[in-house]
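Below is one structure. I have some questions about it.
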């Protein structure tokens, strides 16, 4: 099972996890990213490169499936305007081996950070905006997987 | 937020994740262990040491909270008779840092495997039974966290 | 009195969940007590004959087998845990 | 023709989502083209003046800036990605 979705709408984490649990693998790991509030942030606007995004996320998933013995994975990434508390991204993996499930989950979220064509713009109270800068740490982390 | 439950009944993974997402940390990691079928297994029977279990799981959680900057965690471990496909254990962690969320999740599940007083007995078709042997690998993995 | 509790196949082989015994000398280690119990023979010997397969807790804390029992009130004997 | 697409602050500074230009020589690299576009001045200079801040994709694949454009149909220019 490989499920990749790039969408504006929210998603149902429970449904994703139930589908992964049903693969009978024994272990399901997940990571959900949520918009952090604070500092007067009123919204995060996620822009992406539609012609590229789905194919690129797909490629990252294939890479994970080649590296770890996974029974299935599910990756969902939202775009558009998201308020604090909203989910941005979900990664779920199922494997017979808990280490494979957890490691591939970490790998996928690291790679999405540095290899998926999304850009985040912050909107603050009072009208100020700013593009989130990529963190060198994120590129380094993704490269760390070799 | 620290939530520890040792119970016979099933649990609601979605409710646990929503509570962790609501802490506003930005990242929520989880691991769910499910009874694997196959080999004629009809049920897994989990015995535990009631006077010790809750306190011991609590201690493992405190250890995780001391090691990583977590906003919250939730650990649920079931006991009793569980059929293939049933959830056994859930670990969820929330942090501002995705690495902290994922690593502490891996730490908790590794430690539960080697430090929580549970024992698994397998029941097979035809009436055969057998206690699951601890894997040296699991003790080694837990010790790897130092 | 010292309460001894058994789990998993240790419990099954001995055929008891728990029992009480007169408190041993404070210097007696868990391993010493395991040897004493195993010497009862039968299920005890089956369960406790090979101490390398056993783990223990004193008053609900994991302890190495060479730990003296001291003034603990509860000793638990069991195989390596298999939770998670 | 070559389609050039822009994202994030590159798009905002240039004021265009995409544009077409005559196909350059196949040996022209992405960096060469960035320099050509930046030389237009104005928003182009603001957006593309410092190539070290830019990343690129050719036909929807990430490529280093010293890659020749070859026969690609679409070039995308953007800042480092910040997904996840």
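Every chain is named by a letter (A, B, C and D) in the order it is written, and numbering of its residues begins at 1.
By our rule, contacts are C-beta pairs under 8 Å (C-beta built on N, C-alpha and C of every residue); 3 or more make two chains touch, one makes a residue touch a chain.
The shown structure was predicted, so the numbers you read here are calculated from the model rather than taken from an experiment.
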item	value
Shared interface partners, meaning chains that touch subunit A and subunit D	none
Pieces of the assembly after leaving out subunit B, positions unchanged: A, D | C
item	value
Furthest chain, CA centroid comparison against subunit A	C
Centre-to-centre distance between subunit D and subunit B (centres being mean Cα positions), rounded to whole Å	49
Centroid distance [mean C-alpha coordinates] between subunit C and subunit B, Å	26
Junction residues of subunit D, two or more chains touched	84
Sequence positions of subunit B contacting 2 or more other chains	33, 98, 109
Full enumeration of touching chain pairs	A-B, A-D, B-C
Subunit B - residues contacting subunit A, complex	13-14, 17, 21-22, 24-38, 84-85, 87, 96, 98-99, 101-102, 105-106, 109, 141
Complex contacts: residues of subunit D adjacent to subunit A	5, 7-9, 57, 60-62, 74, 76, 78-84
Of all residues in subunit A, those that touch subunit D in their complex	33, 46-49, 51-52, 55-56, 77, 88-89, 109-110, 112-121, 131-134, 138-139
